[in-house]
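These are the structures in question, set out in turn.
Common to both upcoming complexes is chain A, partnered first by chain B, then by chain C.
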Partner chain A sequence: MSNRPRIILYSLVGLSVVISFFPIVWLVLTSLKNTAGIYSWPVQYWPDPLTFQNYWSIFTETPELLRYVLNSFIVGVGCTILTLSVGGLAGYALSRLRMRFAGVMMVIILSVSMFPPIALLPALFQTFLNLGLLNSFTGLILAHTGLFLPYTVWMLASYFRTLPVEIEEAARLDGMGFLRIFFSIILPLSWPGFVATGLIVFIFSWNEFPLSLVLMTQDAMRTAPVGISLYPGEFAFPWETISTATVIAIIPVLVITAIFQKQILGGLTAGSGK
Partner chain B sequence: MNAFNTLERRTQFVGIGFVTPTFLVIALILVYPVVQSIVLSVGQSSVDGFEPYQFVGLEHYAALMEDDRFWRSLSVTLIFTAISIPLELMIGVGLALLMNESFHGKGLARLAVLFPWALPTALNALIWRWMYNADYGLFNAIGLESGLVSEPVNWLGDETLAMASMVIVSVWKTSSFMALIILAGLQSIPRDLYEAGRMDGMSRWQEFREITLPLLKGSIMVALIIRSMDALRTFELPFSLTDGGPDSATETLSLYAYKVIFEFVEFNAGSAIVVVQFAVIFSLSLLYIFTLRNKD
Partner chain C sequence: MANVSLQQIGKSYGGSVAVEAFNLEIRDGEFLVLLGPSGCGKSTTLRMIAGLESITTGDLLIGDTRMNNVDPKNRGVAMVFQNYALYPHKTVSENMGMALKLQKMPKADIEERIAGVADMLGLTDYLERKPGSLSGGQRQRVAIGRAIVRTPEVFLFDEPLSNLDAKLRVKMRMELQELHDRLGVTSVYVTHDQVEAMTLADRIVIMDGGVIAQVGTPREVYDKPATEFVAGFIGSPAMNFMTMQLASDGSWSSTESTLVLPELPGFDTRGADTVRVGIRPEHMTILDASAVGDDPWVLPGKVMLAELLGADALLTLSVCGEIMTARVNGVGYPEQGQQLAVRLNPEQLHAFDRESKKALQV
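The block that comes next holds the complex of A and B.
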């Protein structure tokens, strides 16, 4: 192969990498400038002086922004655990137990997953208001679980299908019950599927916006994307604070994506392109 | 035989037990609210139930037909979808073909594809809002210094430019998702097809036209429909980027519905908007399921 296509290939790859990363790079650079540096013309490309003042200020002056991140963690972890346990059982039953109407149930689960979240808002708000679930972690965790459960069931079912049938038959001959088979044989064998699905559900929950916006009306209960989006006041737009808070709020998802890129890639594309 | 029947019955019984929690959550969080939205849209009531529910028929829908802002938000949504999706598809196919080549630094390239996907849409919109800033933004700085523009551009302040700016953010964020799905499709094409093509003396372009593209049709359909459904319900992008402005030029159907429900506190009128949107997206999703079934 001659060199020219290689050069073109590498320039295209390089270009894609630059285009993908420049907004985040610019965000981080902004967060490292002082206020005068942020509002300066001509624009400062490199922070001068480079300062961590904005990060220090968030910890000392606007800790509510950290509270948003903590709330996102609580909701994300809660939703991931609940989704995996509830969806794991269903995915197992629908893929391995030869249930009647399993196919129909899978299609029903797939079709409800496409309901637009906005269509849920009026009734969900009203119901949660009546049940006292507004501004509660339980409420939002439940709502997120509902949103991401269909995806989880489908993903886990497709993982379970890859396991050999013989292992369950052997276990059943040994007199093991269904729950024991699920917990002591199926779970240990399919943990990569659970990890990939769990990571993606966590990211979904971390990024979810409409339900988090509407079901958490108190400032102290807001999740990171909502809290930071609503942080700007009526007139001022304090970019030094917003950019810094945004960096803090996206670090968890970016770190997860960087570490588990193969698992996430597999999880996102499973079943879509066969 | 008897033992088998008992086991069979127990299996069905356990299976129902295993799927029940899932269907309960789905019924409460997804199905009931949609049904309730339809009920709300043909009645008059107050949020707290203080005012008793009164059936009013299609009154709210009739009012929608007269509502210019509703039509505007519908056309904003459709235009946004119709422009973004083809751009995303072209870039997505390009990226997928690129990722399918072998080169050094695959890890970094894969990360570059995944990063935009992993960013929260609302926060990504804030990041771009700052880059679009007319006075201190990165784009005007680069544009002015390189001489591409002679005076600062008000990216989010002009109706057409604001729409274009919103499309750019969306294309940047979601092309990579398109690429991932198409890449999975590419990787499932058997290698020997290309070898056969090479023996027949096909050029690379012919290979793409005659082998790759026809076999990718399924993945492309899947990617197109998933992304269209997503684009038709776009909410937090304009919420955080423009708040629907200027003068509702970027106000999507979802954003308008949200404002009617929670800012004007018109639950019933808002529910009617939501039901219209639901009908559009749900018919598209049925098309999607139909496509998937035909593929298998």
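The block that comes next holds the complex of A and C.
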């Protein structure tokens, strides 16, 4: 057999890697250029001079950009923990407790997630205003949790369904109640599912724009995507600051993904059954 | 230890009935096997005893206590599952000790019990391992150990050997037998494998379509099947069946071939003129073609197919046009296409009512 299909396959993979990575590479390169380098013509590919001045400036001159990243981190972590707790229990109940109308409830949950977030905004804003939840982490965490919960319930419910039900039955015979089964059997066995879902929810929350824009009106409470996009002034467009702030905003997501990626790959159910 | 009493037990899901009017007294210390094809309700019955399935109608008694609404953990039962159902993230020792730990038994006592059972099952060296690093046979032994450690009143087995390869299955089957002889705990064992049923059971319950077809010792269900279903299900290869019609001279002739039997010895046909007659492949004697003549039970036949199994061979025969299977010695059996004579041993014939499918009494 010829190698041609394989060559085509690898070329396509290479092409998609280049296409998806180019903006990020360009972003990193831009953050390492000085202002003259960014605007020079013909285009400067490799930063000359290569400088870390922009990173230094962020810390010294515009620390509010770091504040945005911290806000995003707080909201992302809070939202992930809350979503996984509620979604995990709901998903377990809906997939395993033989409840009446479980199927109907799953469909309702899914249909809720089909509303575009922007459609929810007027009502949500008014409600949050009345409840005093505007410009609070609690508020945005709740809003994001509501937004990503349907996805989480579906992901985790389908993960739970892959676990052999006999393990839970054995646990019932051993004398465990449903909550105990969830925490000491289901949770450890679904760890990869929780990590994968949690990562995606974290990234969703990190990137979420419309709700974060409207519910966090004070500058000090803005999240990274909102804060960075609103940063450009009326006349100037400080690309070096924006790209540097964006690189800094990407780093936490990269680090978290790197830490948990092994957990996603390692299946834990090996050995329970055949 | 306890007896188990199932009184008019029934299970239905919505409109469909899975088990109907199941009546059975399981004696203290008995090894009872529920046998039947898939979907016959045997697993559902076992799961109702375990408490994993609710009971729609009837009463379940373990010892003298009605257990219908008792939580599984309080029924004094332990179950071994087909796919072992071990906790993969816990060690063998933790798996075995879980129930006792939840009962808040002192740690030292738990360890002592585990050590005893592990010794009995040859698991002592594996106690600190996780199930993932064990072989299939070892895992099933851990699952059995987990059941023994609890010292239950009743053991429930749900096809525990089905996931093992053929050789290991035979070995584990013998171990289960030894274990039952030693512990003497009432056991209910579900399987679709008739060899397991025949070898392990004190009594076999054969189920068909949610109802009991027959309850009896292995000997009884083989020798005196109560229905045509049991007759066809027990024994491998399956019994040969013929539809026979009474002729005016008192002989019986097949409706599908030219096969004629002189009489149906001793069967009370209750005046019916059409019955189902069965004979097992191992109850047919193969003779030389020239033997056809005086003995009306010797019929001419031809070998359609000969298959060697090893010690035995299976012959697919056309006997007067009736297709039948015979089991013969694996050495020197007739070849394909050969003409021969077959003697159907009259004392080993079975006869069944055509409508009710029940065995006709002798």
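We take it that the second predicted complex is superposed on the first by the 244 of 274 C-alpha atoms of A that agree within 3 Å, B and C clash if a C-alpha of one lies under 4 Å from a C-alpha of the other, contacts with A are read in each partner's own complex, and residues count from 1 in each chain.
Note that in this section a contact is a pair of C-beta atoms (placed from the backbone, for glycine too) under 8 Å apart; a residue touches a chain by one contact, two chains touch by 3 or more.
Model, not experiment: these values are computed from the prediction.
By the touch criterion stated above, A:S11 is placed in contact with neither chain B nor chain C.
Comparing chain B with chain C, more residues of chain A are touched by B. With both structures placed on the common chain, the touch criterion links A:A90 to chain B but leaves chain C unconnected. Of the two partner chains placed around the shared chain by superposition, chain B is the only one that A:L149 touches, whereas chain C remains out of contact.
By the touch criterion defined above, A:T162 reaches neither chain B nor chain C. In the superposition on chain A, A:T138 makes contact with neither chain B nor chain C. By the document's definition of touching, of the two partners only chain C reaches A:L189; chain B does not.
172, 268-269, 272-274 are the residues of chain A that lie in the contact sets of both chain B and chain C, per the superposition on chain A.
By the touch criterion stated above, chain A contacts chain C in their complex at residues 164, 166-167, 169-176, 185, 188-189, 268-274.
Across the complex, chain B meets chain A through its residues 7, 10-12, 14-16, 18-19, 21-23, 25-26, 28-37, 40, 47-49, 95, 98, 101, 103, 105, 107-128, 130-131, 135-138, 141, 145, 172, 176-177, 180-185, 187-188, 218-219, 222-223, 226, 229, 232-233, 235-236, 239-240, 253-254, 257-258, 261-262, 267, 270-271, 274-275, 277-278, 281-282, 284-286, 288-289, 295. For chain C in complex with chain A, the residues that touch the partner chain are 50-52, 72-73, 77-79, 81-89, 98-99, 102-103, 130-134, 136, 139, 146, 163. Chain A contributes residues 6, 9-10, 12-13, 16-17, 19-21, 23-24, 26-27, 30, 38-43, 45, 86-87, 89-90, 92-94, 97-100, 102, 105, 107, 109-127, 129-130, 142-143, 145-147, 149-150, 153, 172, 178, 203, 206-207, 209-210, 213-214, 224-226, 228-229, 239, 242-243, 246, 249-250, 253-254, 256-258, 261, 264-265, 268-269, 272-274 to its touches with chain B in the complex.
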